[in-house]
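In what follows, structures are represented as structure tokens.
Okay, so chain A shows up in both of these, paired with chain B first and chain C after.
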Partner chain A sequence: MVQPDPNNEDTFKEVTVQSTLHAAKEPEKIILKDIEKHGFNSDAIFAIKLALEEAMTNAVKHGNRGDESKFVHVRFAVSSACVVIIVRDDGPGFDPGDVPDPTTPDRLSQPNGRGIMLMNAYMDEVKYRDNGREVYMLKKNGD
Partner chain B sequence: MSTPDKLSIETRTTGNSLVVALDGSASMEYCDRLSVELMDAVGQKPEGIILDVSNLTFICSLGIGAVVATFLELRKDRKPLAIVAPTPEVRDMFTVTKLGQLLDVYESMDAARARVPD
Partner chain C sequence: MADETHIKVADSNGVRVIEFCDRKILDELSISELGSELKSAVDDQPGARTLLNFRNVEHLSSAALGMLITLDKQIKDQKGILKLSNINPQIYEVFKITRLNKLFDIHDSAEKALASF
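For the complex of A and B:
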């Protein structure tokens, strides 16, 4: 069996779940267990958990727009050096450039809209692909 | 960290104010309940709310949104929301999101009580 390799997406493990916040916890449990096995420190584990929750929340609430008949697809690979997580939804996509900065004075008191900036702040790389239907996130071990 | 997430929410009265204590992880599946309980607390028309997050190990953006919404509801009636003793991880999130500029964060319950009337 080919070992998952963060540099080769063809080798990634895949978990697909129903588009609900409860089902969205399943990939998180699997990935966190895997990164603990690979010796990631507690700060990195916190960052990965946070970014993954934000990506899954965005997929369920915004990407799939709360439609529980849709799915969220998670692919990932962990090594001792880094973890790569790719979250994909079944929605129409979006332009991340259209999402306003939630830290500006006029938006600071908005209850929503902080997910993307938290992912950017806590992960080493975040890229949107396929018209925003898919987010690629990388976290190095030791950061 | 890979142990199952749980969130305990306890609300108690102190004089004319409320203390809401969060214990555990405010992850995405608990944030609807968190939002409901915080709005229930606001609906009791307290003089202010002290949100004790000293045992809160994690909060996602939905949870942060619930806290901000609580702050906004209280502000309509000029009532304070005091956040008490965030863990370093939660404090760091307040720094990243710049919510420290919006919310009053205190190191101790005594300091918060001095701000929120009984």
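For the complex of A and C:
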């Protein structure tokens, strides 16, 4: 059996779940177990939990627009050096450049729009692919 | 939801002190329940001074921040005051990154927050 390698997406593990907030918790449990096994420190675990929660919520609510007949596909690989998580939805995609900065004075008291900002702040690398349907996130161990 | 399972509400010299029972305020399902419980607690005493104590909380998400902003607005609309306390350093960083440390009145401890009302 090939060991999952964060540098080779062909080796990634895959979990696909129905696009509901309840089902979205399942990949988080599996990935976090793997991360804890690889000895990630508490700050890195905090960051990964937060970014993954945001990515899954975005996929269900915004990507798949609450359509429970759609799915969220999660691929990941963990090593002692880093974790890569790729979250993909079945929606039409989006342009992350269209999401306004939530920290400007006129937007500070708006209750939403902070998920992408937190993912960017807490992960070492965040890339949107396939017209925004897929987000690639990398977190190094020890940061 | 009738039963309060996500918060504990107490009174401290006329200030409504609310503590979270959950260590994680992450997923939207429990945040929606939590938001309803907080709204009910605030509606019970409109205009009251309110302290939200985060001492049990180890994690929160952007949905939780949104819920707090909505609560802050509800309390301000009722001419009340909301303060936050006992936010651990990892979570305080989330407030700093999103600049919500500028929107909320945050204190190191419940004692300091209560003294500042």
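What we mean here is this: the second predicted complex is superposed on the first by the 143 of 143 C-alpha atoms of A that agree within 3 Å, B and C clash if a C-alpha of one lies under 4 Å from a C-alpha of the other, contacts with A are read in each partner's own complex, and residues count from 1 in each chain.
The criterion applied here is as follows: contacts are C-beta pairs under 8 Å (C-beta built on N, C-alpha and C of every residue); 3 or more make two chains touch, one makes a residue touch a chain.
Note that the coordinates shown come from a computational prediction; the quantities given were computed from them, not determined experimentally.
**Q** Sticking to the clash and touch definitions up top, decide whether chain B and chain C on chain A clash or fit.
**A** clash
**Q** Once the structures are superposed on A, label A:91 by its partner contacts, choosing first (chain B), second (chain C), both or neither.
**A** In the superposition, A:91 contacts neither chain B nor chain C.
**Q** Per the contact definition in the header, classify A:57: touching chain B only (first), chain C only (second), both, or neither.
**A** both
**Q** Mind working out whether A:36 is in touch with chain B, chain C, both or neither, as first, second, both or neither?
**A** Only chain B; A:36 stays clear of chain C.
**Q** If we overlay the two complexes on their shared chain A, which of chain B and chain C does A:22 touch? Say first, second, both or neither.
**A** A:22 sits against chain B and chain C alike.
**Q** List the residues of chain A that touch chain B in one complex and chain C in the other.
**A** Comparing the two interfaces on chain A, one with chain B and one with chain C, the shared residues are 21-22, 24-25, 42, 46, 49-50, 53-54, 57, 102-103, 108-112, 114-115, 117-118, 121.
**Q** Touching chain A in the complex: which residues of chain C?
**A** 26-29, 59, 61-63, 65-67, 69-70, 72-73, 90, 94, 97-100, 102-103
**Q** Where on chain A is chain C touching in the complex?
**A** These residues of chain A touch chain C: 21-22, 24-25, 42-43, 46, 49-50, 53-54, 57, 61, 102-103, 108-115, 117-118, 121.
**Q** Can you name the residues of chain B that touch chain A in the complex?
**A** 1-2, 4-5, 27-29, 58, 60-62, 64-66, 68-69, 71-72, 89, 93, 96-99, 101-102
**Q** Hey, which residues of chain A end up touching chain B in the complex?
**A** The contact residues of chain A facing chain B are 21-22, 24-25, 29, 32-33, 36, 42, 45-46, 49-50, 53-54, 56-57, 102-103, 108-112, 114-115, 117-118, 121-122.
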